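The structures come next, written out as structure tokens.
In the two complexes below, chain A is the common chain; its partner is chain B in one and chain C in the other.
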Partner chain A sequence: MTRSFLPYILVAQRLGIAFVTLIIVSFAVFFATAMLPGDVAEILLGQAATPEAVAGLREAMGLDEPALSRFVHWLLGLAQGDMGTSYVNNIEVAELIGGRLLNSLRLAAVVTLVSVPVALTLGICAAMWRGSIFDRLVSLLTIFVVSVPEFMVATLAVLVFAVWLGWLPALSYGVELDSWSAMLRAYAMPVISLSLVVSAQMIRMSRAAVIETINTPYVEMALLKGASLSRMVLRHALPNALGPIANAVALSLSYLVGGVIIVETIFNYPGVAKLMVDAVSTRDLPLIQSCAMIFCVSYLSLITLADLIAILSNPRLR
Partner chain B sequence: MSQTNHDTPLVSVRDLKIGAVTDAKRKVEIIKGVDFDIAPGEILALIGESGSGKTTIALSLMGHTRPGCSINGGRIRVGNNNVTAMTTRQRAAMRGTEVSYVPQSAAAAFNPSQRIMDQVIEISTIHNLMPKAEARAKAVELFRALALPNPDTIGDRYPHQVSGGQLQRLSAAMALIGDPRLVIFDEPTTALDVTTQIEVLRAFKSAMAAGGCAGVYVSHDLAVVAQIADRIVVLRGGEVQEVGTSEQILNAPQNAYTKELLAAFEPAGRTPQPVQASDRKKPILEVTNLHAGYGPIRNGAPVAKILKDVNFQLEPGRNLGVIGESGSGKSTLARAIAGILPPYRGSVLVDGRELKPDLASRSKEDLRRTQIVFQLADTALNPGHSIANIIGRPLTFYKGLRGKARDARVIELLDMVHLPANMRHRLPSELSGGQKQRVNLARALAAEPELILCDEITSALDTVVAAAILELLKELQSELGLSYMFISHDLSTVEAICDDVLVMHKGVVVEALPASKMSECATHPYSRLLISSIPKLDTGWLASLEQDPDLIAQFSDR
Partner chain C sequence: MTNTPTNWTSRDDAAVEHMIRRGASRRELLKMLMASGVAVAAGGTLLSHATAAVAATPTTGGTLKAAGWSSSTADTLDPAKATLSTDYVRCCAYYNRLTFLDGAGTAQMELADSIESDDAQTWNIKLKSGVQFHDGKTLTADDVVYSMNRHLDPAVGSKANSLAKQMAEIIKVDDLTVKIVLAEPNADLPTILSLHHFMIVADGTTDFSTANGTGAFKSEVFEPGVRSIGVRNDNYFKSQGPYLDSFEFFAIPDNNARVNALLSGDIQIAAAVNPRSLRMVEGNDAVRTSISTAGNYTNLNIRLDVAPGEQMDFVEGMKSLINREAIQKSVLRGLADIGNDQPVSSANRYHNPNLAPRDFDPEKAKFHFEKAGLLGVEIPMVASDAAGSSVDMATVVQQAGAEIGMNLTVDRVPSDGYWSNYWLKSPVHFGNINPRPTPDILFSLLYSSEAPWNESQYKSEKFDKMMVEARGALDEEKRTAMYWEMQEMVANEAGTIIPAYISNVDAVTSKLGGLEANPLGGMMGYAFAEYVWLDA
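Presenting the complex of A and B:
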């Protein structure tokens, strides 16, 4: 009886851990941003502000309350979907982020759809024909891509495709997205640059994970039962490599939400990462905190999802 | 089943040569021109020590070589298949239908993420032999023939949900599903306990007889092979030493190496050391009411209680054997005495001095007097340290020796275990298994202990090498006046070195026996079952063995 409950317990445990991590992270985010140098009230009022005016604004914004109570208020607000109001332009943070987040998620989704199948296929095939010319070529290319920084890839792409060849627009935003071809063209370069960056790691990790399972006695047993190479790899090795592969994919994809600042900047793509950079330069604390929380939540949910896949794909725990 | 078949042999191997590339990219020949035939329905055993090439030859019959190896010459014919000349695709078509394989460790050879039934009938799925329902019915039939419990439902389980002995029989079902003409058994009972081994051997034997297929049985254990094989090929270093019927190899061996193997099977017994009444001292080791277990402590006792109320005494100069099957708690006993696993109740006295339960609170002197030698020298010796360093560390720790004095003592210790002095500059990976175990022993001797706990120290070694280690232990004992507590699952080794024997089952000492008369004196049903399950060098042993099925059911976990 205990066996059938075990996976639920493990899943509940994992979700519980994720929740606790989230609280700790929110604590860290709030107090780290609170420690940023500079005072919002002073920045907003400019150099000519009188101390009275600054004090009045501080009180109006609730900045003179103790940090802990501000944290609790903020957290309770977040839980109800209230991210606060931007200090800088008095717009609801949710409204500011909303459109940007959608942009970021759209880009992330397209990159995921392109890179995950390609990367896994390449990684698994490289493992399958280990030591072959194909494998060496893939390994060489991934090492090359890993070692070239993304701003280089992105800048070169702009130089080649937008400036020299003129095939694609250099900026992704502001272009009329009235037809499929226009949309394809607008997304092509950011998607290619990002795909290159996230694929390399996925290829390497999935190759390593599959090779490790190929070297097990049960895969040799499959070979001795007369199984073909593809059956050995796809039916016997891959299901047992699912856990590590899911983790590698999650780690790579988590980069797509928060870590794409450079690519968003180069292609002038209005995503959340760019919003956060702008928020930091204006000391817009609610916006910074919300952006940081979005990155944390997306990272945490991806990692948790990968762990859940690892738990559920293991019959010992089922 | 004596075969005098003059028809065309089912399998013929001629001048087989297999090469390998070592880690250092050096090419070596591991099979150096081997010839043999197998008649239809005959079971041929390939016997030899590790490195003799027996598994390599067996796998080559399926056209398979492990990574780094390749068939470099000669001819293998199985039925109408010229294995050495086939393409990869043709070989795949032959595997499972003409030749099939029963692995050494079924626990590792079953895919952990698939149900057993899917894996058992996979051969039929791959080769499109029959509809799925029919294959399932056939598998259930085989489960029944192999005396597996719940034959109708056992296939629905995952590999981790059945025992090792059951998995081994399930792997035989997996091999037989495609009606092969030849089945290769690769040490299929080596990983099993002796009482389980008997059932598995019987199941194999009857299934093979019913199927009428020929077999290749790879093993290092002559006694097991004697029960199942018609003919035996003795291999050493990739060359055939002797071929003959089982009877002839066992009773009238011609080759010197075969004779050596047979001699190593039954090491010379030990004349029991009398308890000297005159200068009788306190026992070197006295264990009373010892309890130990694993897991978090609740109400003063760990959750998983392993050892229950163990009591014994070991007089100086005498040796105590501890026998039992896997899970009987014999290694836990050694760990509890050594303090690696602190007992939660009971006491351990060495030479009358009570030891603190855990290692950390014992004094250096207490630690010095009791040393432990582990089963696997490979994992016990730090692969990054030179032999001099491995043996020298306890010298510095216990004796404060450094520099020249330490080096001189290391050479002395190496000499004690019959290793040359220049070996101290090498790394463990450059040594053979037997040499590593000698270093492991020298490391224990460096502390100048009075008691050595030997945990299965010969189990991972080949019989001839193990026999030499036993000789060394005896020699060291007479020179240094040591006492050994010798843990093993192998009764003949225990018999060779011990005066008294404790039989353990599920953490309890069921009986204490004199080593020289174990089978005569045993009265507890479990000891009798265990002792009677040890295979004998007699081809008729398994057939004539009678064991009470109720007893087996009572004492085994299958």
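Presenting the complex of A and C:
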């Protein structure tokens, strides 16, 4: 009886840890922001920041309240689902984030749909035919892709496909998305650039994980009992390699929400990464905190999901 | 274009066009072209090419997409808070000012019908009648009084607070007349009112999530840090309404991405293009450049109150040692006008054209350095990427110095903190000053004895007195004469070496018409939306 409860206890533990991490990150971000020089009033006034002007604006914006109490206030608001109002432009943070988070998630989803199946197939096949020409080719290509920085991939892609060939638009946002082909064209370049970056990691990790399980005695046993190569890998080795693979996939994908600032910049795609940079440069505390929470939540949920897959797929824990 | 010389580029086309707009005669232009080795026959073709661009007929309709270089969540529709180019573009499209600056830098009336004063202290502003805001409200004196008073309210956080402070009284006389009384006479008020911050908003406006102005476009979409879309205001008060049906403005911060988007036809204007990418633009017939020199400069400052600048001979030597032509040609790639050590650039109508830049004369420099006993003494010049191109400029000076036995070193420091740690503080350092529309603002900010940013610690009682006197002088001739003399004083007596005024380069599609240079900055002083058109 106790044995069948074990996975649920583990899952509950994971969720609890995730929640505590969220609170800790929130405080860490607050203290880091508090240490940055200058505040939002000074930055908004720029060269016109005379001491009286700064004092006047601070008072008008309610910034003369101590930072910690403003933060706690914000945290309590968040618990009730209110992300606060941006200091800089008085727009609700939820409204500022809403559309852009949707953009980021849409891009991340398309990249995931494209890159995960391709990467896993390539990784597992490379492991199956380890040492073959195919394996070496895949390894070589992944190392190549991992070493070329994404701004280079993205800029080259724009230069070739948008400027020279004229097949695709250079910008991904603002073009008319009135048909499927237009949407495909607009998303093609950012998706390819990002897929290259994230799949290289997944290919290498899944190949390594599968090879490690292939080397265990029980898989060798399956081979000796006469299982075919594909049955040996897919039926016997893969379930045990699923945990590490899920983790590698989650780590790669977590990058897609907050870490794609370069691709957002080059393709002029308004996502949350650029929003966070804006927020930090204007010291807009509610917006910084909200963005940080979103990155943290997306990261934690991916990692937790990977752990759940690892726990639930592990035959020894079932 | 069979007569075009092979190495003629669209950049040169733009340079010729730039000169024509400034009012250069055909003879002057041909002289310039001959000097650069272009045959007379070819020169004629080039001129007609450029003149045609200046005198084209507008086409109505179409949508324009333009990209600036920066945009963030701090984007605003509140003119008082406008900070970045994107804000200025929006403000110019959705609002109007009382006055605006034309290409020659003269204040022209916009919402005002006349601005008059007998003593430069009490100003009577008559407004145009029948002008309507986007919501249908008619423009009255209350709107102007409200708009001006906002700059004095600290809670607004106006960027123009220090300029607005001189307005001691802002009074509504009747529905279409406003009286502004200044604390001290200032004949520049019409020019000051042409700054982007002094756009007129409707009385009582506190919500700037959309723009209710009188401008040529109505704000349709405003997403801070993402994009702005404006549609034509059919009820615009000017007879020459906007030509475009709508425009979209956003930022592509990466220079290459911005140029690529233009080359692929996704946008029609790429603002402030780095000179490094000009070759890509020049190789393509579908795009051209638009050059404007508004008066931004990077300068070498020698403090006159500490060694080695205490000795005027060192300053004199440095002024002769700086190779302005090399800086203009190689450091700034030709995209600059040679400067003559004073801050009023040729884009300003008070610029003194008789004040010739000093010649590059190493022998004369050596004479002065020898007299000061500084030959061979190590003197660091502090440069940083924070002051654009200053590191390259410093290297040019250093090499010229090495040839006459001067031991000048380039002390390169990080951008972060440059303005608070090195600028105004190091004995020999570089600065960078943005364009300002009037000599008075430049002089009181940078050269009067009390100036907050007195870069070389220049102090002259005569200069201070002239500055106050010129500020209040309504007689244009007298005023110009005074400003010319003050420019000479700065060039000869201050320790600020201004080798060149740096140009701003916008890259635009060849189909774009109507874009002209403006002393308030690139993209036609950010007001392009109202004036440009797209050829079909």
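Everything that follows uses one rule, which is that the second predicted complex is superposed on the first by the 292 of 318 C-alpha atoms of A that agree within 3 Å, B and C clash if a C-alpha of one lies under 4 Å from a C-alpha of the other, contacts with A are read in each partner's own complex, and residues count from 1 in each chain.
As a convention for this text, a contact is a pair of C-beta atoms (placed from the backbone, for glycine too) under 8 Å apart; a residue touches a chain by one contact, two chains touch by 3 or more.
It should be emphasised that the depicted structure is a prediction, and the values quoted were computed from it without experimental measurement.
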Chain A residues touched - chain C or chain B, whichever exceeds: C
Contacts of A:Gly81 with chain B and chain C, given as first, second, both or neither: neither
Contacts of A:Pro66 with chain B and chain C, given as first, second, both or neither: neither
Which superposed partner A:Arg231 touches (first chain B, second chain C, both, neither): first
First (chain B), second (chain C), both or neither touched by A:Leu57: second
Shared chain A contacts, counted only where both chain B and chain C touch the same residue: none
Residues of chain A touching chain C in the complex: 41, 43-48, 50, 52-53, 55-57, 59-60, 86, 88-91, 96, 99-100, 155, 158-159, 162-163, 166, 169-171, 173-175, 265-268, 270, 274-275, 278-279, 281-282, 284, 287
Residues of chain C touching chain A in the complex: 65, 67, 72-76, 81, 83, 153-162, 209, 223-227, 248, 250-254, 256-257, 260-261, 263-267
Contact footprint of chain A on chain B as seen in their complex: 59, 62, 64, 92-97, 100-101, 103, 105, 108-114, 122-123, 126-127, 158, 160, 174
Footprint of chain B on chain A - complex, ascending: 216-228, 231, 235-236, 239-240, 313-316
